[in-house]
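The structures considered in this document are given below.
Across the two complexes that follow, chain A remains constant while its partner is chain B and subsequently chain C.
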Partner chain A sequence: MAVNTGGEKEVIHQPFEYFAPKTINEALKLLNKYREDAKILAGGQSLVPMMNLGIVSPKYVIDINNIGKLSEIRENKNQITIAPLVRHYEIAESKIIKRAIPMLSEAASHIGDMHIRHRGTIGGAICHADPAADYAPVLAALDAKLEIQSVKRRRIVSARNFFKDAFTTELKPNELLKAIHIQKVGQRTGTAYQKLEFVSGGYAVVGVAALVALDGEGLIEKLVVSVGGVERRPITIVFNGDVLGRKIENATIEEICGAVKDKISEPLSDIHADGEYRRSMAAVYTKRAVLKAANRALGGE
Partner chain B sequence: MRYVGNRITKFSDPPLLTGRARYAGDITPPGTLYACFVRSKYAHARIRGIDTSRASRVPGVRALIIGDEFLDYPIFQPISTKPYKPYGAKEATVYPLVVGKVRFVGEPIVMVVAESRIAAAEAASLVDVDYDVLPAVVDPEEALKPGAPKVYDHWDGNLFMKFPSEWGDVDAAFGKAEYTLSDSVRIQRFTGQALEPRAYVADYNTIENHLTFYSSTQQPHPLRTILAETLKIPENQVRVVQPYVGGGFGLKIPPFQEEIAVAVASVKLGRPVKWVAERWEELMAGGHARDQRHYFEVAFNSDGKILGMKVRIIADMGALFPTPGWGMPLVTTIHLPTVYKVENYRIELLEIVTNKNPLNAYRGYGKECACFLMERIMDMVARRLGKDRIDIRMKNFIPPNDFPARISRYTVLDSGNYPTVLKRAVEVFEYEKWLKLKEEARKKGRYIGIGVAYELTPEGACIPGSFFLQYDAVTIKVAPTGKVLVYTGITSPGNGQETAIAQIVADNLGVSIDDVVVYQGDTDLCPYGLGNFSGRSMISGGSAALLASIELREKLRKVAARILESRPEDLEVSDGKFYVKEVPERQVTIRDAAFAIYKNPYDLAIDVEPGLEITKYFKMPNALHIPDESGYTRTYTSFPNAAHLCAVEVDIETGKFDILKYVVVDDCGKVINPMIVEGQLHGGVAQGIGGAIMEELVYSSAGQLLTTTFMDYPIPTAKEVPDMIIEHVETPSPYTPTGAKGVGESGIVGAPACLASAVEDALSDFGVKVMETPLRPSRVWRLIQEARKK
Partner chain C sequence: MVNKVKVNLKLNGERFSAEIDPRMLLCDFIRDVAGLTGTHIGCMTGNCGACTVLMNGRTVKSCTILAAQANGSDITTIEGLSKGLELNPIQRAFHKRYAVQCGYCTPGMIITAHYLLSLGKTLSRQEIREHISGNLCRCTGYQNIIDAIEELLRDKGLLR
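And then the complex of A and B:
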């Protein structure tokens, strides 16, 4: 059906054809047929503003909201699987996620405002791949596995490899993100997401996800830090020998922050925050996230 | 008095809060066509040609209008630059669409009119404009250099005017002062964003040669005159209707290019034409504000007394609009040194045109720049002398017995009691307690700072030979049944003036407020008035309402006396009744007295003129446009003022700060409705916070606007706006019969200065100086880094 009702109601200036398939297969077939000319519509919180502004003008819009199977959170012993249409507020409030991966809920609760959290979906946010978005560093730190489906093929890509560039992902035009699989974090492991935003509801100037596992003595067993908002894609550091086995103390934190700063070579820069500021904030927020994650690893909040 | 002074709920609240208010954008007469504008991609370019052939093939397109077709419609200018000719003021004719060359990104070039918005927008995207791109000038100081590109070819340069304001003997003051300091203060370009964008619907009737124009405007009557003059339709054939307006802030003062274009298109096509701005159009072409640099020197003594100052103001006007934006830096200039008694100064204002969106009037209208400058100076002097920032202000205030106080060739402050207001603010804020809290926090590595600012908010602008004056009118009609209809020339862009007017009428007529209905914003119903700006609704409208109600009440009293067989002077009025003072049981309702006037003209109402309708104009008595023997005049007529105190905590790792406490003690004269006054202060402070912390319109060096959405141009949300503690001191205006001074711009004037003061105080250990806004975290962080390096 073409959306062109005349009169004044519409704000999107380019006409397009709209489909609302009921099954994944149907959606995939349409995607396969129209490819670059088509766009999936999930929560519409990024796609619709872009269409309003004329930044993208798809000829075909494939609304996947009627595909019931795409809205579940499932849990088994070791893993949580999140379907792409799960809304931000559900992730922020889900008991399962809060318990198993607190930083994912934390990240979701900081996205936009209440309305955006109730419409926007995790799948849409990931596929949109805004460099300042909140889920990317969290999923990269967790090494989440993204299940990608086309008519012919299913494949799994790690969140660490999924984000190629700003607004660019591994997805091919005929592929759909079907599920997000996340390994539950183990004992004595804490996660935290810390975000610097200038206006409440704003995108991250810097968003840092940290995962810290401590051994029985409180020494670092595992440490992953992923930084969003600072470069065109999240920067993920899996710390090795140098830091492992050490106590969480000032010198260690300084070394961790130094490593993060060193890894940032092409910081984003805009009128609100230049590159130097972003790089420095990456260090400040790494410290805050690591300390919080370590505290959680010890059972604190 | 039953209503004045009380918290009466705004009449407009239920429709506004339930979404039932009808705005211009909700009006769609049958057969409406939709307009869309093709806007300039370049800051400065000559238009070689426009090809509309592709656009014209879009189904539903009814007209593609280019600038040359509007050559017969130079926009009538409601405010003339002529009185400023002695200072070099130039003139520029503005047409509804670009003629010849574009002067800023977003200037409308082609108007598309179509059966639907979508068709208009599609066609607009298919118009091909052939530009001869010229070098753009975007920095005002660069614009003054020889060889800089000229914004207006027929001018001798980019200087619009040079305006002086001098007082006393500055050189002598500097010669004898113990101390001098110099620095500069810069306020960025930003502007207000009404939630309702501009919206216009023109409905021209070809048979009757009659134009009905619905506009999201602040001045329906002047707009009617502007339309009549520009379109050459007799003014009695033009009706302007202003429905509910979702925020004005000065930015909806007519006329806009699009406003005239929509009206002309309707006349040309003989059909209703409608246009509603999109957000990016408001940010790009809706008028900008501020953008002033102030280079100053100040001379003072060790006791803290300021002896003199020299200020050079550089104001970046952008291009020119017919709206009063170019008056904004003038208002800064003529109100320096605000509330302080500085008897020697020399100020020079340079207004300079550049290739940016023209300045437009925005709430604060230059007063916030004057405040920011003076308050930064006060803090600097206090710091230099190691004195308390409250004391330094007390030392320099114009004392209460100095009023009326002439502070410049153009300005006499009416009244005020600054020490009392500041003292009250110090108490309410608990200043001493916060000084201690600050010290304790510092020991724990936390950076709390206290901000102090005193705002002067000149209101009741009265600009010679313009539509910005202080007279206004109220018509009251009392029906035979005693119900009251009020029609005013002042308008309400959402802030409840109708309610305050009703309070005044109800009290003075002696009726219940439930029996009063107020009409505004329709030129066929209301007496000619000047709408709303410059806090004038109570100054001029409230005064007219008072005079009109008293006159009708006295007429009713005569009839009531006859009915009660008593003498008029023996009657009291309240609760809708006249009663005999000595024998209150003897009473007659206003309704019965009104009925008598309509039904008994030959007996009970024999000694009054029939009818119960009256129109009263009120004119502020203290403006002075014919210079006195010293050559002095008076432009503004009312001077509300307020003290702001706040506490902030800065996160020195990020530069982000939280507002911990915010206190405003204001003096807007007699408070008619505290709830409305406080609402104005809440909104004003919120907008002030936006300008102080986050809002900035940024142009690239080529003149491209980089901030065209709320993503790039954030405005404060409820989270960034703190709870405020608001109190009032009432120093009545000696010139308005109600004593009210106006409150429409209070709050926004002092908030940026108060926050700058607080951030500087929080970072005093580092010796940071805050001389520039917006104080976004990255800027505050950089100030800390730079100070640490020293």
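And then the complex of A and C:
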């Protein structure tokens, strides 16, 4: 069939060379060669629209969708390892993740819409580092370990240090996110993600991830809260002595929410919500997330 | 001059191949290269869902995918859901319920409805609303669209 092969009316103006490597090594070599001029293409749910709009104009596009090894969810006794190409719908539906880390499935099921979840990937979302995206606070609360690989070097960075600024991560131009390692949460430990969105699947105006561990008497043994959408990077608070050992009751919750509010110094203000509103809502959603996580720690839903 | 890339895929059940500029989006490939203009293009930013097609059996927005990425995949467009001019059951339900105003979002809506029916899952009206949230109808004709999908699910005993 005779066909138009394009080139005259492409939406994306900047010409680029397209690579579809089949192995991680091949991808790393390309990345090492082209560095800042290259972009890794995973699900493309942010990158391709940004290219369509001319916001990002890479000269080399390295599509990693053909690297089969990057699409697995693996589980061992203490840990779950998620490869970067695992798509949002898979994380939302995965029995392994639902059972071991319910808030991760919860966060995935609220990203965009069904079509976007079919295509978008966890690795792409993390590396894109939109401050209003859902995975960042969840992974920060879980202290997930991100395995980063370049041609010569492999290193592990905690999700708490990975997000540097809006759309800016710890990744160097020649590095690829290779895996996400998450410790399974222990017994009597619950997790929950609560999100304020103005339209179904919208970006988080506020997204709060909470991890609560209770001891045999129902007293707080461990509490981590991470808030996304409010500042340029997630704000993570690992609570210490003041809250530990106390019961989940109104006074405790108020103190937790107060600590979260105090930690927010430069809240984002935009057409969706001003900074003070975000700060207030961060407290409201912290309360919901902590209560839900605590309930799950006790075996509830 | 950039390199051209070869794309081999299955389009509505038939093999199709072309050499294209890597910048070409899947939606433009479907419309301009394959000549299937049933797939509509609205926003080009993955928001509106007019360009929804099935890729390996799952709904995707074809403006967020490079045509090169569809190499080796199985794509179904609105043309692939019916035989010639004969309406399929989903199209008939949309017709009967007047689930079309200007018609621009309709191909994406019908692809999405087709996918929901293919899941074989029981859905409530609220769940239908959530599942079509990736498809915008700027005429705001949602009630009739949801009515049509509800009727299709009810006929299959899949309405909660």
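Observations, loosely collected:
Basically, the second predicted complex is superposed on the first by the 291 of 301 C-alpha atoms of A that agree within 3 Å, B and C clash if a C-alpha of one lies under 4 Å from a C-alpha of the other, contacts with A are read in each partner's own complex, and residues count from 1 in each chain.
In this section, a contact is a pair of C-beta atoms (placed from the backbone, for glycine too) under 8 Å apart; a residue touches a chain by one contact, two chains touch by 3 or more.
Keep in mind the model is a prediction, meaning the values are calculated, not measured.
Contacts of A:267 after superposition: neither chain B nor chain C is touched. Applying the stated contact rule after C-alpha superposition, one finds that A:53 touches each of chain B and chain C. In the superposition on chain A, contact of A:200 is made with both chain B and chain C. By the document's definition of touching, neither partner reaches A:137: not chain B, not chain C. Residue contacts after overlaying the shared chain place A:61 against chain C, while chain B stays out of touching range. Once chain A of one complex is fitted onto chain A of the other, the partner contacts of A:20 are limited to chain C, with no touch recorded for chain B. In the superposition on chain A, A:84 makes contact with neither chain B nor chain C. After overlaying the two complexes on the shared chain, residue contacts for A:277 are found with chain B alone; chain C is out of touch. With the contact threshold set out at the top, residues 4, 6-7, 9-12, 14-15, 53, 113, 199-201 of chain A are in contact with chain B in one structure and with chain C in the other. Chain A meets chain C in the complex at residues 1, 3-7, 9-12, 14-18, 20, 41, 44-45, 48-49, 52-53, 61, 63, 65, 89, 112-116, 118-119, 199-201.
Interface residues of chain A facing chain B in the complex, by the touch rule stated above, are 4, 6-15, 53-54, 113, 196, 198-203, 205, 270-274, 277, 280-281, 284.
Taken together, the chain B residues at the contact with chain A in this complex read 28, 32, 34, 60, 115-119, 121-122, 125, 274, 276, 278, 280, 653-654, 656, 694, 696, 698, 706-707, 709, 711-712, 714, 716-717, 719-720, 776-778, 781-782.
Interface residues of chain C facing chain A in the complex, by the touch rule stated above, are 1-5, 16, 18-25, 28, 32-34, 44-46, 49, 52, 55, 58-61, 63-66, 68-69, 71, 112, 129-131, 133-135.
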